[in-house]
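In the two complexes below, chain A is the common chain; its partner is chain B in one and chain C in the other.
Now for the complex of A and B:
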């Protein structure tokens, strides 16, 4: 029987690790911002909330080429961000892992914010009012009342970001430039393998990515169904009582 | 939260540890450097890299694409140490911008081939002119070339098709691939009747028994003088590889893939 390391080539191993790293850092790094934005959009009554939402949804409808083009402009050597980064690290931001991570944060914004926003919006008004009546501060209300109610949405935001980053192709190709070991993620390696007529290699990797993505989505839909409202409601009540 | 999903946390933690251990790892010995190579080198260069890595212990990270694309990426700061272009033009352009170490060296001269996959109505023996009656009869659905705008092999293909007088008739049937290697993949895929692709790819094992090809006469297109150049930040290891590519052993490999070699 062959060992896994004999089946997988070094390049596949590296790309797999890179994809996972990118997906994890995207999902985790985006979480604080997504929590803030999602909560704000769910509860805010401001008029310009609509514009905010539209802006956040842009990555969903924009072609990857448009995002890639603006990111190349915005992160390139002649941009202030790229300039500062180059001055500090001596590396360019485009065509580096840090560059695709930044790009990844941007194009994952709607995927991170949406589930969280929906989860917060689903919290009954009365509960938040009750929390306020009990004298809970904004922070206390978040930790003791909202978080226990919204966590399935937060988890599915994490999972969605993770899975979506694994599947991202166009922007990573444009901003990252397909450099093995630095920016060549699994989906880019598959593209490379097809071009190199290595259909066997592409087949294995594609199947792997297909199964993995399916499992992530299945896990997410389970989480959404499992929303334990009764239990968390009593949790929330407990949280209020504790104060 | 922790009370609810201890096992989930464990899985996440394990995966995290795993990916940080292995992401971007490379052999502990030798040095890593990145090479940008024209995609007609897809097979030949892999073989050369294999030889170099075994001999030196360094690790070459190679990206294949169209020369024009790499030229624009390098201008935007892509961290390549060595650029193997499929023509001279893009190397000269980088030289003018002061991004290269010197003017580089000619390493090969490329040729294009008319390729028809097995079962295609296209008979390559009749040459490019053989396309015309087939086009008139509506028997050619697709014909693959690399994008002439940024791929030197695509430019050569366009020149040859123009010279043979079939360019206009082919409009609406052309599959424009992103680079020469993708053009080869398109013409093999069975959804096109053929294509004009690098000889160096047709001669690779992946193409064996997959179809028929005819070498396109040299006088139908401007010569594909392929030049490589070290970029400003090139390391010692990259320089070694650059020299390795000029050795007799490397030249033999290139010759086997159908490249003509410039006199050294």
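Now for the complex of A and C:
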């Protein structure tokens, strides 16, 4: 049995690092926006909430090629975003790590927002009203009541984003261009290896991703179970009636 | 005593409300009415969780809402405490922390001390570190009460606090509320279906129906002179019959002429005759020594604890509900005596009276 450092070639090592970096930055960078959107969607009574939700779900149903196509258009040098970026950094946004990070934020939105939205929606509205009745400002209510009840959902969101970014293929390929050392993530490397009939190399990497993804999902489902809100709900739902 | 609560509201949505209320400081008011009458909506407006379309809300001369001047004070800034129907305790905090969270305005050492004091007042010091889910229903309620009172509100609102309580617990809570009312300069407004105990403790009783006040006043007064059949039903007077007053002491109803005590309000004309089930005298023999007896057939006899609950039908089909301490079988022939002093008379004209302005 060989040691890991002997199994990993240089390209595998950089791809692995790149994937981890991308997953980390995606999950953490998306958190503030996901918190805001998730909480808003959970509590808002506005009519256009439905449109917002539909928009957020798009990355779930669109083929990665469609997402990739629009992202290439939107981030390309002829677009205003790409233009500004090129003017500042002297680099193009497409086929760069920054480009795939931006793309990654977009296609991870539903994965980041949904667990958070569910967690906030599970807080009984009387509990939030009770916070107001106890004199807590919105900000105090968020930190002292909502956050402690919703944190498992927030952690789920981070884990799901992380795992999903590691596994993303299509959009990263289209926007990033599969450049080794810059945009070649682990899943792209596996693709390359299979294309080159290097099944031996693809096997280890695939197994690694499989195990990691499974562990993330298992951790998430554990989190869902230990949600303090879940335990409370049945108890809080007793005797709610009347207008 | 000063102003207390003054509230006047007019709205059609989400729940129609059109009424004005005045609760003097230091009094306990019971708000009762059928489901959907707008009781909970009213509490939410008072707390500031909802905003009415039109109206005015003052508590001890502080304006909390005024539609004309666009004043709306949010719940955080109101001197009002609310005990939710399901208590809405913070599930992630212990009993002690639940109270401490309501005391955020206080500096930390004082907060801890005050929270312990409140726990002691509601006899929960031994459960200080327990989560609300592990408390019994009564303990949860006492905790919710302590949390609502911790900010020393001038008005305490309770939404159906008896929904899940048995009679001894209900009585205990009523006594606690009565004590609180006397100890603090506190007005209490309580929403309930259960009027039995309410009648003994309340200073004011307000009966609500479809967002309007059906009748209001001290409970003794309402019990003696319910404004109409609806009020009588809410107050637990089960028998009310349409009738015509022909003299001070005589009323004609579907069964003929019946005698009334002359104490009853003496207006002539159409109205309602009422009598509580347990006040009627039932006998198995036609014993007319006390006065006129009416033959009746027992349509249904149900044993409820120590008493039998009877549905009777008089000769001309008038339904009568009676309650007796002895067994009577369904289908039996019996005789009913209506003692004049237990019969109440409510003239028709009062039925139209609904809501009037107080100030």
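Quick note on the criterion: the second predicted complex is superposed on the first by the 225 of 243 C-alpha atoms of A that agree within 3 Å, B and C clash if a C-alpha of one lies under 4 Å from a C-alpha of the other, contacts with A are read in each partner's own complex, and residues count from 1 in each chain.
The criterion applied here is as follows: a contact is a pair of C-beta atoms (placed from the backbone, for glycine too) under 8 Å apart; a residue touches a chain by one contact, two chains touch by 3 or more.
None of the values given here were measured: they were computed from a predicted structure.
Chemist: Would you check which partner chain A:140 touches, where first means chain B only, second means chain C only, and both and neither mean what they say?
Modeler: It touches chain C, and chain B stays clear.
Chemist: Looking at A:149 after the superposition, I want to know if it touches chain B, chain C, both of them or none. Which is it: first, second, both, neither?
Modeler: Only chain C; A:149 stays clear of chain B.
Chemist: Thinking of the overlay built on chain A, is A:129 touched by chain B (first), by chain C (second), by both, or by neither?
Modeler: second
Chemist: Let me test your reading of the model: by the given contact rule, A:84 touches which partner, first (chain B), second (chain C), both or neither?
Modeler: Neither chain B nor chain C is touched by A:84.
Chemist: Under the stated touch criterion, which partner chain does A:95 make contact with: chain B (first), chain C (second), both, or neither?
Modeler: So A:95 only meets chain B here.
Chemist: Find the residues of chain A that appear in the contact set with chain B and again in the contact set with chain C.
Modeler: Of chain A, no residue contacts chain B in one complex and chain C in the other.
Chemist: For chain A, which residues are in contact with chain C within the complex?
Modeler: 124, 126-127, 129-137, 140, 144-145, 148-149, 228-229, 231-232, 235-243
Chemist: Would you mind writing out the residues of chain A in touch with chain B in their complex?
Modeler: Against chain B, chain A makes touches at 13-14, 16-18, 20-21, 24, 72, 76-77, 82, 86, 91-92, 94-97, 147, 151, 177-182, 184, 192, 194-198.
Chemist: For the complex, which residues does chain C have touching chain A?
Modeler: Within the complex, chain C touches chain A at residues 14-15, 35-36, 38-41, 47-49, 74-76, 80-82, 84-86, 88-92, 101-102, 104-105, 133, 147-148, 150-151, 160, 163-164.
Chemist: Contact residues on chain B for chain A in the complex?
Modeler: For this pair, the touching residues of chain B are 1, 15-16, 18-26, 32, 34, 39, 42-43, 61-65, 73, 76-80, 179, 181-182, 184-185, 188, 204, 206-207.
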